[in-house]
Amino acid sequence: MHHYQWAKTPPMGWNSWDCYGASVTEDEVKGNAEYMAKYLKPFGWEYVVVDIQWYEPGANSSIYRPFVPLEMDEYSRLMPAVNRFPSAKGGKGFKPLADYIHSLGLKFGIHIMRGIPRQAVHQNTPILGTNVGARDIADTNSICPWNTDMYGVDHRKEGAQAYYDSLFQLYAQWGVDFVKVDDIAASKLYGTHTEEIKMIRKAIDRCGRPMVLSLSPGPAPLDHATLFVENANMWRMTDDFWDRWELLYDMFERCYKWCKLVGPGHWPDADMLPLGNIGIRSVDGGGTDRMTRFTKDEQRTMMTLWIIFRSPLMFGGELRDNDEWTLSLLTNEEVLHVHQNGYGARQVYRENDHVVWTSQDAEGNQFVAMFNISEKRSVVSVSLKDLGCMEPMKARDLWAKEDLGLVKHQLAFELGPHQSILVKLSPAVGKGL
Amino acid sequence: MHHYQWAKTPPMGWNSWDCYGASVTEDEVKGNAEYMAKYLKPFGWEYVVVDIQWYEPGANSSIYRPFVPLEMDEYSRLMPAVNRFPSAKGGKGFKPLADYIHSLGLKFGIHIMRGIPRQAVHQNTPILGTNVGARDIADTNSICPWNTDMYGVDHRKEGAQAYYDSLFQLYAQWGVDFVKVDDIAASKLYGTHTEEIKMIRKAIDRCGRPMVLSLSPGPAPLDHATLFVENANMWRMTDDFWDRWELLYDMFERCYKWCKLVGPGHWPDADMLPLGNIGIRSVDGGGTDRMTRFTKDEQRTMMTLWIIFRSPLMFGGELRDNDEWTLSLLTNEEVLHVHQNGYGARQVYRENDHVVWTSQDAEGNQFVAMFNISEKRSVVSVSLKDLGCMEPMKARDLWAKEDLGLVKHQLAFELGPHQSILVKLSPAVGKGL
Amino acid sequence: MHHYQWAKTPPMGWNSWDCYGASVTEDEVKGNAEYMAKYLKPFGWEYVVVDIQWYEPGANSSIYRPFVPLEMDEYSRLMPAVNRFPSAKGGKGFKPLADYIHSLGLKFGIHIMRGIPRQAVHQNTPILGTNVGARDIADTNSICPWNTDMYGVDHRKEGAQAYYDSLFQLYAQWGVDFVKVDDIAASKLYGTHTEEIKMIRKAIDRCGRPMVLSLSPGPAPLDHATLFVENANMWRMTDDFWDRWELLYDMFERCYKWCKLVGPGHWPDADMLPLGNIGIRSVDGGGTDRMTRFTKDEQRTMMTLWIIFRSPLMFGGELRDNDEWTLSLLTNEEVLHVHQNGYGARQVYRENDHVVWTSQDAEGNQFVAMFNISEKRSVVSVSLKDLGCMEPMKARDLWAKEDLGLVKHQLAFELGPHQSILVKLSPAVGKGL
Amino acid sequence: MHHYQWAKTPPMGWNSWDCYGASVTEDEVKGNAEYMAKYLKPFGWEYVVVDIQWYEPGANSSIYRPFVPLEMDEYSRLMPAVNRFPSAKGGKGFKPLADYIHSLGLKFGIHIMRGIPRQAVHQNTPILGTNVGARDIADTNSICPWNTDMYGVDHRKEGAQAYYDSLFQLYAQWGVDFVKVDDIAASKLYGTHTEEIKMIRKAIDRCGRPMVLSLSPGPAPLDHATLFVENANMWRMTDDFWDRWELLYDMFERCYKWCKLVGPGHWPDADMLPLGNIGIRSVDGGGTDRMTRFTKDEQRTMMTLWIIFRSPLMFGGELRDNDEWTLSLLTNEEVLHVHQNGYGARQVYRENDHVVWTSQDAEGNQFVAMFNISEKRSVVSVSLKDLGCMEPMKARDLWAKEDLGLVKHQLAFELGPHQSILVKLSPAVGKGL
């Protein structure tokens, strides 16, 4: 799995969906990239991802306009809408924007829908490097149930792989570093589109440029775990995640179910972080323009779970509107160390909605995330023995960056509803204690 | 339910699918109609139905060509392909052909697919009598999984009912007497399309012309029995039926499950009769040009089940190629009496693949269909008591038109595998016996 | 279907479950019977039914005590617990109680669980009239998921039918007129127990005494409609029904789905009427000892739906605690006329939670039930044309017993949330108007 | 996960089911143990497992006698039937047999059914160390659909964990090293019994003796992968496996789906090896007393898949009847090296029923299993590049123990239907080639 090396640690970046729906513009992308370069790059954040429908000139929210004409090249490939991405004019596609992102020392990502444009199929436009037309490779029973842009591609048809090859060839020319493919990991109509995943894997491997492959939407079924692990760098464990407690509550179970499949190059994905200013031009998730509806406790609980589990971290808000608190969630290097260097994360126990996770690093430190996801304040505890630790250990609160002293038998904290704590345990022996 | 009166007895006719797939031509339709008028009309056969894709100029078998352009009028309505139906030229549609069929004393039917042409939606062509276009009424998540011609219509959209009204207005102008709507009673992707059934019911009621409504494909789910009974004249109990014993064998269970829903105006449908010369330009059902693969015993068994149950009878073969045997299956007036006048059909018992059904008529006759659907010759019997009869009864073999004498206690016949017998029991009392 | 004649109209009676759970006593049964004889018999109420676990000496609520010893005779047949039913002492079973009920001019019913007592199986007690033991006929994979009394009986085993025969022979000796068999029409574990239904049908037919057969629990699946119609007199369309609006709201859909299967002798059942004083020794349905939680409007709406649909009417409360209002719901002869003499009930339409049903009688009267099941006051209307009526018609409010005058075009009433009205339309022509 | 260390490599042993069904005797167990000690122990085989119903005195085949009395101690715990296991007399249980097995340098295993004996529940016998009885802890809706011995245990009841603790305390006293728990990993009635798995895990951890935990039957659902990985040492990927090609064919897909969950201490299990003389007193799997129905090619193909995947290896035949061929399958140390030391097994590709798997060891060797599971002879090949190898590599046929020379670009072998080859690739560089 050569492609594993393109995502040795879980990817970190920004995505336009939570704030701009299907309608983000070049200026907004650049503005967020500049913010990232200035404030977040030192902490490991690097991907700037343009989400769905950049090829739709009239997109203005998170609601897709059905059956409308899309910007497309002569080979059935969708192109950026020039009214929204002016630098794409003259067929230059995303190359100028990617170049700009790269000039900031960052990486550039795009979203695509599985398949081939329906308009290409009904017009039977050509497939690059083949004698066939779009009509010949479209799957006759394969649509996306929530977006009318594409038909699926039938892997049994001659020209099918060539089409996907032609796509990624183009993206490589543009300088794309990250591709989020949608309507593929889970479809309410058809299940997982396993064969198109394989075609895309092959097309990326052939295109000559490293690109992280992210699969959506979720919940990706565990029954296809091997397929996801082998072919993608990240895949969604969940349907779209928004700033509602029930969704965060459910994520604990999802992380438990997938934790044995986490590893270098292959990252089950808890979805984007709906933090800061979101919903600016999106009505998805039941909200409008707002600062995240999560409380501060919930925000930290979310970050802590994503971090100990090692989900990819994709910030969903308009970065330039971050307040100090929001920025602090993204720039705690002690916390991010757990995300980038922890391994072997597992749920130690879950009882009465007290949940404890642990992971470790190569230097012998152990990390413990303790959550109270019940509705009442209570003491959450865990014994060093259940963590598999040698006693005694030095403890440190990573979010607060405060030492907690020596722990002999157990960790125990009184936590409010939805509250959590992330603790680092270090060997105390021989440290002069 | 006014429309019940348009099908007081189960419809009888001919349909082009089993012999010509999607490709029947005007000449072939006329030829079969002429045969029907000459040989079958006296026995009650009356409908001549043009099956799927009469609007597809290039149709040449039972395999649909995906995404090809279709003949369509300015109002998003499909029109007969003039190369196949020459009389339709100049926008006359099926009116001339319908007129001809009517001139033979017969009735004319067509097949349509649920929904609106995808090409209309992508071109956004107008809907008659509205300000909206096809794009506005198409359901964004509604395709047929086995044919790419149409999108479903979303009943919540303004103009949706107007579209269906405009269709049936046109069909009324043509003189259509029977409409078989497909991809609606059961969809492997979506279940039953209940709202489109209701829109079509309303459109027919408004169009001013009686039209029998037939819904396909099956198996229609019993969970929607009331909907079918109230809105349609017939609906399919089964997926496509062909000349394979397993399918016929399964029909016994289907008839059992639906028998309480049979009644004047509403007829659960066991599908077309794949008899005589079928598969001429069809590869559906796993065959090619052939005389039916059913044995003579199986043909009679099929006819007997359809008749006692009161399924609609739609002959599927090229009528002009009928041999004497085949014709004899369609022209036995004593047998057809059971179909047109029997009522209260029920399965008396089923044991070890011996199956007995019974029905009665208003004159006090009782009909008994006895089937051996096992693989070994054996005696099938039923007591008069289990039939609810007064003893003694006079018995007559209806297929053979032979009297069987007086029956005192039970009927019993030795039947070969797949063989059956249809018996009429008449009161013997006071008849001078 | 000889047994149809035992329930030519939908049965009406009282059942002990809603007030006493599994714990009713002989005195309570007698007391309710005496009330019925005095106040309700003239209106057609006749069945007095002892519900579940009359064989469990320690039963004291609606919660079953698992795995406890049960009262049983030497032939593996459960017997009334003598501490609760003193007249049963000396092996007399329910005969004395049935005699008493009969002496009041009423009919006597009991509840049984499908199958054979687990204690019989583990002790391998004999089956009457056979050489086999309980162990030989028990189905090795057939339990009730909510009660531990019985194992299912395997119809393929020798002695299985004999066991059921022995049961109904005993019940016939006792003088039972009505049997409610539970855990049979729908099982969350196994679906419908079709073969045991057939064995019970046969056993009743053989026992020599007419007994109405009622099947529980629901929702009975429509896929087995024929089986229910042919073998039972009534069967549950719903899981246990209680005094909660959501359950009543859902019943409209259930009635719609089953309405074509209603007819003399076979009655889809909307379950008992949780009216008056219920929950006396029951915690089922989320309540305790109380007068029904339904508002008066809801009570009438429930009665009106049950009546126009022709569900069996089984009163669930302690009859002796009825107030005047409650009694008035049971003793309106004009309303009950619709229940006993209406036929052809169908839902005319349902739109925005306005629902209109209609039925008719043999004298040319038409009944119209109009419901507002939405949450806001509004006008519910229906045109005479949609009812299939000749104009003009005389209208009468049956609950209020008030004439409403002549109706020319439509009926329209302003109804509060959950409110309804039941109207009789009579031909006005030639009546001197 | 301390218990991982008890099965650092996939367990190897013998199990009585395939040859003796539920009826194995002490003599037979001892005989097989002696054979293992003599012929197989040097190759790593060590477990001797007594399969199902050792507590059933009358067991005589693979068909369970329903509802019969079982040997049980005073604390509701099943005990070996003394007529079958004479050394168990006087309440000694399996201690003497375990001692004997241990004296041969082997380990001893038993099979148990999830839950508590039904006879204990109906008699309400005590639970050791508690004040409750069997009736108090039995789950009221939890049976095994294919065996009537037990009820499930409800983890919410007081005494539930104590019961399981009392079981494993007893097994620890006996000297049990391996427990196969049945009716727990997958139930056709209820899915996976997750809570009982956790209770058993806890009971073993508390009992003070290392015991390998094996869960049956399959297919265990991937949706519970984390649960299995964390709590068990092995769990079944499949329903019972027998000597039928279709089952072996299907195992390739099962291994693909589970391969990412294989690791030290936790082994997805492809089930027992139906090799040699099986079916001696078993009719399961559709056979009787026979040498395995697998061809020699199929036997090697099975062994090769189990070995590269690292399934546990449990021989199912009567060892003493092994012929030389059968023994040779179990004693090839070069092949077994792959089983004990390979890691990272993955399917390189599957195309047209050509399947290639690979794994590696810590010394830099790579193992390649190439399978032709199609029905026609053909060449199966794989490039070194797809294997991720440095060229050139030395190749060796491990079953034949023959060097195949230097491989530069690809491995390619002509294989008959169902045939396979297992190749070791070793670095050729610096080896004087």
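We just call them A, B, C and D in the order they show up, numbering each chain from 1.
We adopt the following convention: a residue touches a chain if its C-beta (ideal position, glycine included) is under 8 Å from a C-beta of that chain, and two chains touch if they have at least 3 such contacts.
Here the structure is a predicted model, which means the values were calculated and not measured.
Counted as hops between touching chains, the shortest connection from subunit B to subunit D is 2.
Distance from the subunit A centre to the subunit B centre is 53 Å, each centre being the mean of its Cα atoms. Averaged Cα coordinates give subunit A a centre that lies 39 Å from the centre of subunit D.
Taken residue by residue, subunit A touches two or more other chains at no position, since every residue touches fewer. Taken as a contact graph, with one node per protein chain and an edge wherever two chains touch, the assembly forms a single closed ring in which every chain touches exactly two others.
Counting only pairs that meet the touch rule, the chains in contact are A-B, A-D, B-C, C-D.
Across the complex, subunit C is touched by residues 221-226, 229-230, 256-261, 346-347 of subunit B. Remark: subunit C residues 66-68, 118-119, 121-122, 124, 135, 138, 140-141, 143, 145-148, 189 touch subunit D in the complex.
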